[in-house]
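Two complexes follow with subunit A in common, the first pairing it with subunit B and the second with subunit C.
And now, the complex of A and B:
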């Protein structure tokens, strides 16, 4: 059983890399778009009269932006592609659950996004001379793992969302910027109006990202970090439970009506 | 001569109508509004808060620039889609095999995109006036409309260029989108082009939109025709040059593909 699962994971990840990740479109999402956003941040900073850019938000924030954009589009295109190619019914009808397949695919997508974050860190170090002096290394590392988990939980939710409803495909793409804007990918959350900060509190990415950014800025406040980590983990679990619940309901409905294509 | 002219005009509007039916007539109101205003709106908010954090004190500068980018993106995307989608659906060979002149066929397809972008930009200004307190009381609306329309038309020249590129690569749409994202930096959408390094400033003056956006900003500040006419003339000239380059590039690729018979094989 265990070896079967490893085989499944290996196979799905391999296919996902080949089909979804390694193509020019995602190169644009992971590399070019974050670079452009970082450049806009730096030039805005320059226009405002600052002599040096903010490396954490302008440069590394660009990498986070790349991770998120890549995740939104890869996860939603997975189901769109399956549906368009007539594969969705076959996958749903196979003994392996759609949820598990989407979980593995999304994990691949999230891990692919690390490429974007890695490039941002490299740019910060090699181009801008970022030294990591005073950085809370363990804080950054733990926050990053939790950030990946948060992104994964939302990615699985979004991927399955398109299996539940064909109509959702018309607006899932538009989540890219609202989430980036609400979670403060390239600026601290405190610059948002208070009511928007409350709304962004429902997104686990916001909490993990805040903890990571504060750790990068040298915060060793364990209370602050633990609260943020727990909030991110808790909210991610809410998304996972919601995904499982919705999937069970939709699969029951599909089995009764036999009409996956009409959903 | 007159018959030929009427024939070209007829083709232009027939293609425009077909393009409208093919894309806009099937769009639901939600999808249309979300697609037209949703992404640009949240992107604009993102840039505004990015600017607020770094101390850029003029959010309306970002608001106006991003609204003016809407007709440009629409004009460019329209022509690129007109050519690229023919290729994607395998109908390009039939279009090119027909005796109809190319220019009205493909420019006609862009007509509704240009009109659509223009109207969306005006709608964007009205929304921005309500949401961000954009003061339109001193603005010459007719001049603002001229600037928005000019931006949409001149950017369609770039669309012709990217549409032609989509004849030689299947990633034409991706290349256009990448280029569009560079416009956030290069044409004075989010900050004045004087903030750019010198070499990028020179590049910026060689692109459509830069002068059009500057002219529209002057109109928003209450300036009249005399203050913007040189910018408008420059924008029209640059746009014309790009339309010509795009058209010649398209004709070159068409001729080459006719000789090699490999139009859809790439």
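And now, the complex of A and C:
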């Protein structure tokens, strides 16, 4: 049993912030992209005859969009960038497992996404004057923690998939928008066709987000919230199990094919 | 305790690539074929060979970055396939590349990160990193971002990184590539110091003088196979019966002189270098007297500007072996 490596967590998070997050591209991703999505959402809402923007699906939805995009792109660039600059070989060649590194990096990426969400909340309060009275505060908080866990479970799955092959990065680009649309970042899931709702049911983010949105809208329906939280946690665990199964295979596969390096 | 620091037995690596979208075609490329050698503890062992000979693939298998297709390899008695995690604790490696560091971080920050990957205690790392940066001559640039470094400085930082956890076995893949002569000399001095500390080093290089100066034994690799393995002196003795005569020749006279040399038997090999004026003929022969007799009448500025006989160097041996007229 190895001891808990606080030093590594601290060091890896600090490197991740300095190398990835504090980078004009990623700062733009966390700020500009959600702002654009929120603006489009608000314009559509106004076109539909609403006088004020929808708190959950326009303002906060933009923040969630920023969190998700940030996670997808940072996870992609973590592996592709490390493969391109030769770091992947050095990390894999060290006694620390790549899985642990990926877990910490993904956690950093998910937590960085809170910056986006924080900005969305600030915009809601300062620009649109929402007071958040009547909100189920604990419901929002618990849902947010579970949402972060759900995003992390998908992030580590993606990171391992990306490590598999030099070409895998191409496929990840297909995931960003479909997941956002499937999980109802900018509109309620119920507007989707039923068959798409079934598909979205397999993504843990959808359940955590629905619980958070309902709590923001003032719902205290504990049954509804607990079911959603459990679904999110259960499905996240499925992704974690899938990731564990994939990790050993990926580790051997990249060492067999020589795909640790981009050259 | 295993007596060898590094041991390989019939090591093979075949890369399989697939091409085509509808009809998959599989192509196999043999990178390393049946390589067997052993390196004693405290020995500096050189792997020489042309590009694509399989040197780096061999090093990557030994450093657990590649899985062998067949055969076995061990480091300090630990199997590189079955005891990967243990092997990684005992080895350090540096590849010839300006890649492999975070450019936006300083040298100190990069080393601090790797210190954590190698589970070094914070206090120990904080003492060791400045010491290593001093050893590789980067102490005064420790707090500068790596993106401001020259390729030689990056190479030296890689060596410091490889030494962070004080490994017993060190793999250096072309460590002096891109480093100026003064820097190369410093690095060779550092490598000798490491050797005096009892480290085992496997070095790959293209620089024969470097191999001759540093290596206790050398394996010459050609098309994935070891074609010669011995001490530098013993390798040179293999063709010690031969001498090398080098002639600086006016371009207009090269063909005429090549015709004259055709009377020599097939043991005499002539290499013609056209890169510069005057052109150069390098004649490797077991009969230097006969060659000198043939060429001496032309030793005047209209034909041959300079004629020089010298003994064999490791480079001559290497070229002879790689060109296939030995072994």
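Please note the rule applied: the second predicted complex is superposed on the first by the 247 of 263 C-alpha atoms of A that agree within 3 Å, B and C clash if a C-alpha of one lies under 4 Å from a C-alpha of the other, contacts with A are read in each partner's own complex, and residues count from 1 in each chain.
Basically, contacts are C-beta pairs under 8 Å (C-beta built on N, C-alpha and C of every residue); 3 or more make two chains touch, one makes a residue touch a chain.
As the structure is a computational prediction, the values presented were derived from the model and not from experiment.
Contact with neither subunit B nor subunit C is seen for A:118 once the two complexes are overlaid on the shared chain.
By the document's definition of touching, neither partner reaches A:234: not subunit B, not subunit C.
After overlaying the two complexes on the shared chain, residue contacts for A:18 are found with subunit C alone; subunit B is out of touch. Of the two partner chains placed around the shared chain by superposition, neither subunit B nor subunit C is touched by A:218. Once the two complexes are overlaid on the shared chain, A:186 sits against subunit B while remaining clear of subunit C. After overlaying the two complexes on the shared chain, residue contacts for A:95 are found with subunit C alone; subunit B is out of touch. Applying the stated contact rule after C-alpha superposition, one finds that A:7 touches subunit C and leaves subunit B untouched. When the two complexes are overlaid on their common chain A, residue A:87 makes contact with subunit C while staying clear of subunit B.
Of all the residues in subunit A, the ones that touch subunit C in their complex are 5, 7-8, 11-12, 15, 18-19, 23, 84-87, 89-96, 101, 252, 255-258, 260.
Residues 24-25, 28, 32-33, 36, 39-41, 43-50, 54, 57-58, 170-171, 174, 176-178, 180-181, 184, 186-188, 191-192 of subunit A are the ones touching subunit B in the complex.
The part of subunit C that touches subunit A in the complex is made up of residues 15-16, 57, 60, 63-67, 85, 88-89, 93, 95, 97, 99-105, 109, 112-114, 116-119, 122, 161. Against subunit A, in their complex, subunit B makes its touches with residues 28, 30-31, 34-35, 38-39, 42-43, 45-47, 49-57, 171, 174, 177-178, 181-182, 184-185, 190-192, 195-196.
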